[in-house]
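Each of the two complexes below includes chain A, the first together with chain B, the second together with chain C.
For the complex of A and B:
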């Protein structure tokens, strides 16, 4: 199967402002991709383009379809949860199930009900009586009961407490994800998804500045903690980032073999958050 | 955020080591089923590929076997095999370092034996 999402020269301008600037990427099936970037970097715009919610320039194919012209067909295979998604306040759980059952050919009401049975949500409960966490549970129940090929999650756990957040990803991994499905997640809470991801994309100022599998990232990047005596030797290897902790220098290297760094000090895999900070340097200055 | 992985070793190897630890401690015995990849992925919040890779390593080491359509099971003789390889690893990796430390501290055999509870009927 070809890429689930393929973009070439994808561009979106809002007036004079270029939100997404000629980006190219491909997402194969069966991946869990993290699209990570600062506020206003173009994450949500990219997702909106893929979902056919906005016009754009360049080429973009989602499950082999053009989101601009084949949105209806596409939506049978794509699901979406956004932090900003709003369910009408008067809607009852039962109405929500009726509605999705009515419009979506691949919705399994039994699945959604089985999932809801594990929550505190009752069939008669209205959205206005729900906490934020409960609304996300309802969303998740609806979405996980749809046998879609692509699931797009835009800040899905924003504002949720730690129990709801953990549960969210647990259900996703246990009851939903398999190798035939693809999940794209944007989030600021990188530490909470980093081990779930198979691929990582960093976006900055509307451009993709890093796109790689987590495996490659593990091999490419090394963090080295080096004492003052070997700082010179370490500097000569061209660290992409440096900071000092307790008189020791912590340096981040891209593409320097681990064995070469091991002799200079302590090495470890940088976290996604470390990489993010190094990649986005200067953004907030 | 869940279970304290370290940053120095790939997670699939750490997961493999955890399973091995459970085998050595007798929590997982020959013939016991391993939880499914999906369950482990959900519980530890890991990518299923990571879990599969850890399991595959265990299969390659013949500590675990795949029974078609049902799942993964601890093999007969897994714990003996593990004990043998752990002993070998101890002698190769840990013992030389330990010996070096004993030498540096200037401890002699007599002192060590006196501090060993099970040797010669208990510590002095």
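For the complex of A and C:
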């Protein structure tokens, strides 16, 4: 069993709407995968299918199990934070720790307490007395202390201050992630996650339009900043996207050798955000 | 098993007000009111008192021994009756608890947190049934027992001040010690008769997108109204009253303790000890188990189980967006 998640012909329809349209993909163990797509592209639906929250068509195996029929066993090894999930208002920090410790075989109370010690949260505090940032801190303390094989994060930092967001991703990388774990993240703030991702998946209209490792993407795509004199030559190489910055043209190339572009101007690796915009062209028109 | 313990504890944390403070406060209120009334009785120069509907003429120089015995054993067998308001409160509590049990977690979105943990839908629903028909009644029974003993003690003290010492009779009555256990013994009857209502309320709770109370009460009432209308308009001989009694009401009133006595038309005479003319727990227990010979009890329970199975399925697959 090499793939943590393997989908073949995964399809989800809501009435006449097809949210996810026959997609195939494989996520190997030990990766941090960014699942990126515009609103309504099917990314949350894909994750919900993988977490056994909704019925679907096609084949989907998560840690070798079918999330439709083996969800109860699966959830011992999988954890998730959904963007809309919140902790109940009546929950006390101490009770939350007691509860998860009581029911989860892979929960480390010491880890959760160590994380909470770095926050202002007190053991007697109830969720209803916390700010949104604090609630997320508690939620993360609980989830991060679970030694899950697969962690799914659907907009985990939505609505949080930049301080909390930075802290969160740093914590995720330094204290949580190791080669035995796999993380799938969806987010709108691509620039915040791109440096931690090992793999990238773009999803559009229920289909996967790009699935690649970050290394491959670095080799395949090049961004070129070119002066007006060489625009013609650059255009001849067929850029997939063009924009103008301070009178210079910035072009994005797919599969053109970097040595060939170097002679025309400055080259660099494109950001995931630029790549995303180029790939999703027409979506927002 | 360990998971179930934590799930039940979670229900207690969430509903501490309903599970603990409501009965304790209600009991304290009843005890205080009865104590004030009794104290007044003790200081007044009244010659008689009314205890559980029984007129007692108190003379300073005592009452006949056989009457004393009768009053003593009557009080020992029926002293729990003073907690009746608490059991009405229990009915309300179980009703509201079931109706909110699976609705609140969807409304505040915490369901996605619970679903991110290794907690099966079956265990979650089972824990909520257990909290509603076992844990809640057990707490109320405990509080009711304490309250009833306190009130019994207060009344006996007042009588003692008045020159009637009932303590020796009371303490020698087996019924005094037996009554709380007889109350516990009613729990299986309660759970069985509560099942159709618990099932219906939880089904609404897991299904309704909003206004759970409107659905839970509105659907049966509207069905009755439509049936009545159709029967009258088309001169049909449908037995709407049967539907009201056996279907609509069973879905709403089953959580009220003692409802089985009303449903099976158990007369008050069967609950009363003929020797003392007072309600007696032994008779209540016997009459209550007698209602289990009715097929209606079991058909209702089966319907309840079916609705609870549907509840588990709905919680498993309902797309919470």
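General observations
To be clear about the criterion, the second predicted complex is superposed on the first by the 284 of 285 C-alpha atoms of A that agree within 3 Å, B and C clash if a C-alpha of one lies under 4 Å from a C-alpha of the other, contacts with A are read in each partner's own complex, and residues count from 1 in each chain.
Here is the rule we go by: contacts are C-beta pairs under 8 Å (C-beta built on N, C-alpha and C of every residue); 3 or more make two chains touch, one makes a residue touch a chain.
Just so you know, these numbers come straight off a predicted model, no measurement behind them.
Aligning the two structures on chain A places chain B and chain C next to each other without any clash.
A simple residue count on chain A separates chain B from chain C, and the partner touching more is C. In the superposed pair of complexes, A:53 makes contact with chain C only, with no contact to chain B.
By the document's definition of touching, of the two partners only chain C reaches A:100; chain B does not. Of the two partner chains, chain C is the only one touched by A:92; chain B is not. With both structures placed on the common chain, the touch criterion links A:174 to chain B but leaves chain C unconnected. In the superposition on chain A, contact of A:271 is made with chain B only, not with chain C.
Between the Cα centres of chain B and chain C, as seen from that of chain A, there is an angle of 140°, stated in steps of 10.
Contacts of A:79 after superposition on the shared chain: chain C is touched, whereas chain B is not.
In the overlay built on the shared chain, the residue A:195 is in contact with chain B alone; chain C does not reach it. Superposing the two structures on chain A brings chain B to within 25 Å of chain C, judged by their nearest Cα atoms. Contacts of chain A with chain B, set against its contacts with chain C after fitting on chain A, share not one residue.
Chain contact summary for the complex, chain B toward chain A: residues 1-2, 5-8, 10-11, 38-39, 41-50. The touching residues of chain A, counted against chain B in their complex, run 32, 166, 169-171, 173-174, 177, 179, 191-192, 195-198, 214, 218, 223, 267-271. Those residues of chain C that touch chain A in the shared complex are 2-3, 5-7, 9-10, 13-14, 104-105, 108-113, 115-120, 316-317, 319-321. On the chain A side of its complex with chain C, the touching residues are 48, 51, 53-55, 71-72, 75-76, 79-82, 84-92, 95, 98-100, 102-105, 139, 143.
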